[in-house]
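Please see the structure below; I have some questions.
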Amino acid sequence: MSVSNLLENWSQFRHYHPVDDKPHDPYKWAMSIDLDACVGCNACSVACYAENNLPVVGKEKYAHGMSMHWMRIEHYWDEDVGEEGGREFPDQGAQFLPMMCQQCEAAPCETVCPVGATNHTADGLNSQIYNRCVGSRYCEANCPYKVRYFNWYDYPTTDNVWPAEMTQQLNPDVTVRGKGVMEKCTFCVQRLSAAKVTAKSEGRIVHDGEVQTACQQVCPVGAISFGNLIDPQSRVHKQWRAQQVELDKDRQAKDEKEGGTNLRGYRILENMRPYPSVMYLERVRESAI
Amino acid sequence: MMDSGFDRRDFLKVMGWSGAAVALSGCGNTSIEDGKETVVSYVEAADYVIPGIGVYYNSSCAQCDAGCSINGRVREGRVLKLEGNPASAINRGKMCGLGQAGVQHHYNPDRLREPLLRNGDKGETITWEKAYALIAEKLKGVSGEEIAFLSGGVSGHLKVLLGNYLASFGCKNHFVYEALAPGVVRAANKKAYGAEMPRYNINKAKVVLSFGADFIGAWVSPVHFSQQYAQFRKGVDGQRGVLIQVEPKMTLTGANADRWIPVRPGTEGILALGIINALGTATGDIAAAVKGYDKARVSKETGVPPGQIDKIAAILKLRSPSLVLAGGAAEGYAHGSQNAAAINLLNHVLGNVGKTVEAAAAVPFPQMVPAKGNTAALKSLNDGLAAGKYKVLFNYAANPVFTAPGALKFKDNLSKAGFKVAFAHYLDETALQADLVLPLNSALEDWGTQVPEYMAEGAQINILQPLMENLHPNTRGMGDILLALLKQRRPEEYKNYEDYYAYLRAAMLQNKVALGGNGKDDDSFWNETLTKGIIKLAGTTTALSGKAGVAGLKLPAPTENDEQYPLQLIPSVNISLRDGRHSNQPWLQESPDPLTTIVWDSWVEIHPKKAAELGIVEGDIVEVTSRTGSIKTQAYLFPGIHPDAISIPLGQGHEALGRYAKGYGVNPFQILDAVFDRETGELAMYETRVKVNKTGQRVIVVKDESAAGAKQIREKIAGRVSSDNVDLSKEV
Amino acid sequence: MKDIREDIAWAKINQDVLKSLENPRKLYWVILFVAIAMVGVAVGCEIYQYSTGMGVSNKNNSHVWGLYIATFIFWIGMSHSGTLLSAILHLMHADWRKPIYRFAEAMTTFSLMTAGLFVAVHLGRVWQIYYALPYPNERGLWPNFQSPLLWDAMAIFTYLSSSIVFLYVGMIPDLAICRDRMHEGWRKKLYTLLSLGWEGTDRQWRNFRVTYLTIACFLIPLAVSVHSIVASDFAMSQQPGWHITSFPPYFVAGALYSGCAAIITLFIILRYVFRFEEYMTMGILKKIVRLTFAISMVWTYLNAVEFASVWYSHDQASKDVLIQKAIGTYAPFWWGMMFCGSVVPLTLAFKRFQTNIPVLFAVSLLLNLGMWLERWMIVAPTFAHGIYPWAWDHDQWPSFVQWGMVFGSFGWFTLLFMVFCKVFPSVSMYEVKEMVYHRRQETKKLEATGKFATAGKGAH
Amino acid sequence: MHRFLRISVLLTGLFAAVSISAAESPQPVPMTEDSLGPLVEQPIEFPHNRHAGDADKGGMQINCMYCHTYARRSAVAGIPPLQKCIGCHQSIESVRETPRIKKLFEYWDAKKAVPWKKVHDLPDFVRFNHERHIKRFIEQQNRPFQEVCGYCHGNVKEMTVARRSKALSMGWCASCHQKDHAVMAEGGTPIGGQAYWYTFYKPQAADASTDALKAKGPNDCWQCHK
């Protein structure tokens, strides 16, 4: 730390902005979620609890909106179901949507944190440093997706979320968060860095499929795919390419086309320019029946 | 990762490590504290055990009967997380939330730690020796007829031992009870296909017409079916599969269907016949049988618009092969067998049998195949108890006091049994009634074998092995207990088995050849088996034999409206709580119900239209009254349910089972009428009629869904595209 | 109506003002005790919150901010009045400010002190608050200079320190008077210490004037910037209802507004308590009232601008938030704010009310209530009805802990202010003298040159 | 011109100057006595100097990683299993009867693990990875192991019971990660991901002729805090 480099490198404060010529090297972690496959079974969410030491807050606190699910499954009815003059039944089913931190490239949360507890990593992740956090909660206030979760109480100790036996289940690779810190989905960074260490020691980069996030690993319908976006071999790269979704655009060229597109890929709240790293694939609505 | 059971046991010891020690002071301690914490190092270490690096052991999931294979991550002797074993054909490395929560079953703070003997209404701790002696004493001079053994579904060597034990005093009263078993469907399948559980190829079907089979959520083998479903969606030769779900209350599968059809409860069979009629391809006596079921009538009786029936018939005709499934919603009536038969008939008419319905392989060891639980068993046990037939009652892996329909008065009858022994993990409702409670190892501490009822491809035997040393020193595996009990009866036969592990190893090595270990020496075969966690066998396959018969197929007209009890009660199966045996696992309690996002509680689903009639709004505490009893819980307005029905999820409302389960929600089992299927004698779950009254209280429903009420507003959040515009088969 | 009588003897001025420093009546102690009790409540709440966790204030994961931030802005706003009166009007040579700017400045300082506390109270890990300070540290970390919250911290700190200096410097001549008039005792010692050996020589006066002027000039842009920065906490974010260009001026106007209202309140109280009728005259009150009225209209206008810019924008989310404010859960408070902020001040337009003490007192309180509601209505509705429908949360209500903290903050402010009134002259003696002198000169149409020094001398 | 102003200007200037220079100056790397960790009481007073010390000082010059064998394979260096100590000592008759070895064998006979106390105990939210550092400095750059281990653990071969002699504070770690380390072009570690949010350094080419890059140690927060 020195004043001079603070001044020199001011422009790089949030370095690797997507509009850079070469945003990330060698890694840019990204995800794509197929909503047509997703059945909303919650397995991913539970897996996340298991992997990331998420506290179970209990009924009362859940009622106060203090739940800590980094990955939440949202479900949506068609707009006209139950409405006046709309359909009486949701006879075309519901739509499920797993929502977690979108690891935005230009994350609204990063710029506002007074202590820089959340910032962009070189792999294009949106890191959250628990022990740096002072709990101003500005990040969550500015998050468009509201996917950051605050430790309103001291879950590990005073709240006794983990009775003696259960502490043995806690994942030693993940810090247990104490009172007053913000937390959120990390794309299972502990797994990523483990994989990177192995790869680095072997003088290569992480292969596709070598590392999985907990949610991806468990998903029974394989709706989630995760990998290194700049690795042309990776499934994620191929999917983004095939769907013509570009990381550094806030409006995709394909959507400008006449008569729309028949590609399913889209990103949520893209027009707010957070450049999210998660691409969703639209649910298919069957016309044959 | 080679590992032989014996020395591995030492390395399952729990160790504390600098980098690894669990620290709850996550963000608190900000300074370096030398010399405070202690590092406990190994005495002897195997070279594959490296502190800070996880070791993975294969075992099997015991959270439900699907028989998924798991891969447990163990560090410093603590099992941290369960992941799927990719080698298994059933779950192919995937898992469900329920399975994930297995670790919470293992680490649950409310587990039993000591054998307990009833003393008044308290239980006092005794030693195992004393417990065994007590059992021996109680069994003295008791004839086999006077002994009953109630258990959940058991399979593998445990079942063998159990059988031998009961045989040792000529007892035939082994009641296998599962509250949510597809008993009727099994019987119907047996008739229609000649196999109780054929193999369904959802992935090969172009259309799946499911009558209330929640195969994605909680039916038979959900994880496996979910994977098939994923392929089915991608489509067979470029055509995305179409899923049509017929059921009065929307299940998770219904929520994912392309067309969800709310049918009047109990008329599924009629609709099936109606579709056969509409297809018009049937011939002979089938045609004759369905002649009466013209569109007008079917539509009138089922409440499904005629156009809809045509559409279904059309697409079924157009796209072949298809698959028709009969599930919980169809079988749960007094005429459940008839419903199921009619639905299975549809498969014959469509020529799916042999294509999407295939013969499943069976394990070549008949004594190991699962003893399938059902509810008929409960009834006969209950009658026996009522008659005071039994002097000694054993109970293992079943909780009838909680799950038996209230009308059976099971709890009262249970007290008539002389001496009640419960082998249990927790003090659940039934264990609380027992005179002697013996604490069991968790599935992650225990040895065993497991044979899944539903075989995905070929046959397989799953291995259960400890992922860590016993959490509580004084719990024992069911196998060990049975062995000990057997030694009381037949000492000489079992004396050379030091413990269940030894028995298991010996038993497996005996059939080494049959188990595909030909030419391997014992140790390497055994180690390989443990390492794999699965034994795959070709298995024996008997071709499907069933006939498309309509003999004795007659469906009652739908029950006309009952003035006193106007509504049909649908006890729905929550994907993670199921029959409530896992309600004490906090992750499951806090993972929202997919369709309502309600947590930690029960609710009554009412269609908004009906609710408006009754003047009920969300959060009203309503009293649901049946002929048997009544329960009070919060109302939730839910569009995905037939207006003439209400639905309450099962699994909640425990009066015991520990801090995470006790006192949350209500137990709909309590108000179920004792109606049974006419053919199989299975409990007809959906035959209870109820009325609903407001109590005047109102609460805020604890759910994840927001004030926006599961609607997308403004921005596109969950996108939708018509199937005309996309070709999934071309996608990456 | 005259601002002040021209024939007040300077000795009388000293006497009257110094009277306010004499031992207080019983009532004073009673009020002081009440104030302390109120602070006690807040401290209790804070201890509870500190030991149990933020959760006890009943916020939640989509609704992460609450009354703390709202009240924080409120107190920052308060602080602007002092600067306005003493600095801006000073430069504008509006000498009617002279009798009242002292307590206004005190108000500035104390409300800033109060506001500062809310920053700490709001933090989830207040014990780590030093992470936000840019100081050379062992970790080798800077705070995040991009964050408006950090600008806040800095701006407030600067503003506080400089307004303290301003207050103090402006007091030096009066302190000298106190020093000379006091009998031996702790007060004497205190004043002697603080008056820095003020003699009232020409040279001292010259330096004094320049210094005072310089700080005044320095303070004005600061005052404006501080509240603009507070505004940018919201304007710089992406949230509907916050992301609005007109926020900085809007906030500044609001600040001056609440400040003036507060001045009226305190004006009336001090006037009554210390019998300052002769100095805090109706004439002056009238001027403030008119000023307040003007600002209220500016504020109302800026409100309209905000609504319009939202309404005609393409930002549907912001529109919805606006509609929610008007008809949603928070509607009563929002309309309350509109009423108190824009309708109530209309009474000030009538001459007969401009000097009617009871009416003005009531009105000024209402105005402040309105301004507090305004701050709350900026913070809360955006959370209740934000961008992402799944996270909407319409029935989030602050717990007693939050209310207790807000309640206590008023106690804290009262406490500080009352102590100040008894230790320091709450009316600037020397400036009043100047004022009287000037008026006399004006009426006598006499040359004032050369008399200045004597005027200064006369201070003794 | 006016005293008030002069003083204030003077003070402000002074403060600014001081803080800037303080900020400019590189982080102090405390090597003084007071940066030493506390003396830790161990169940057995293990003489590192006898095992790892130089021959002339009567040491055995055993490689650190002979006992702390996990260091090169895992994030945690770990304590050797008791087995390992016994492995050698059962055949070393000379010291068999010394009190410390007696104690050792007591543990062994009881099959009880020795409850060693942690000496280098980082806060719970810091994750140091031994493997990477050893791979890089010993295996890729062939530096002598005692030097490499010594960077953080000090001169252990001179100690009996180990004692912390480096600060092991964040600034201390960062001060090293800010140094330029050559990155081998082929077979070397990828140089991606070197930018650092608080010092903002990106890897830069040492000289244009070779594209041998110089890079800092990995340096986003998630490297150590997870």
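Each chain gets a letter, A, B, C and D, in the order it is written, and its residues are counted from 1.
Here, a contact is a pair of C-beta atoms (placed from the backbone, for glycine too) under 8 Å apart; a residue touches a chain by one contact, two chains touch by 3 or more.
Every value quoted in this text rests on a predicted model; they were computed, and no experiment measured them.
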Farthest from chain C in C-alpha centre terms, which chain would that be?
B
Just to be sure I understand: the centre of a chain is the mean of its C-alpha atoms, right? Then which chain's centre is nearest the mean of all of them?
A
What chain pair shows the greatest number of contacts?
A-B
I'd like the Å distance between the centres of chain B and chain C, where a centre is the mean of that chain's Cα atoms.
66
Between chain A and chain B, what distance separates the C-alpha centroids? Give it in angstrom.
32
Provide the C-alpha centroid distance between chain C and chain D, rounded to the nearest whole angstrom.
54
For chain B, residues contacting two or more additional chains:
17, 19-20, 23, 25-27, 30, 52, 700, 705, 711-712, 715, 717
Going by residue number, chain A touches two or more other chains at 1, 6, 13, 67, 72, 74, 116, 119, 130-133, 175-176, 180-181, 269
Give me the residue numbers in chain C that touch at least two other chains, ranges are fine.
62, 125, 136-137, 140-142, 387-388, 390-391, 393
In graph terms, with chains as vertices and touches as edges, which category applies: line, ring, star, complete, or other?
complete
Chain C residues within the chain B interface of the complex
62, 125, 316-317, 320, 387-395
Chain A contacts chain B in the complex at 35-37, 39-43, 45-47, 49-51, 56-59, 62-63, 67, 69, 72-77, 79, 81-82, 88-97, 130-131, 133, 156-157, 162-172, 175-178, 180-181, 214, 217-223, 235, 238-239, 242, 262-264, 266, 268-269, 271, 280, 282-289
Please output the residues of chain C touching chain D within their complex, sorted ascending.
135-142, 169, 207, 210-211, 214
Interface with chain D, chain A side, in the complex: residues 1-6, 8-9, 12-13, 15-16, 24-27, 116, 119-123, 125, 127, 129-132, 173-176, 186, 189-190, 193, 197, 200-201, 203, 205
Contact footprint of chain A on chain C as seen in their complex:
52-55, 58-65, 122-126, 128-129, 131-132, 136-137, 140-150, 153, 233, 236-239, 383, 386-388, 390-391, 393, 396
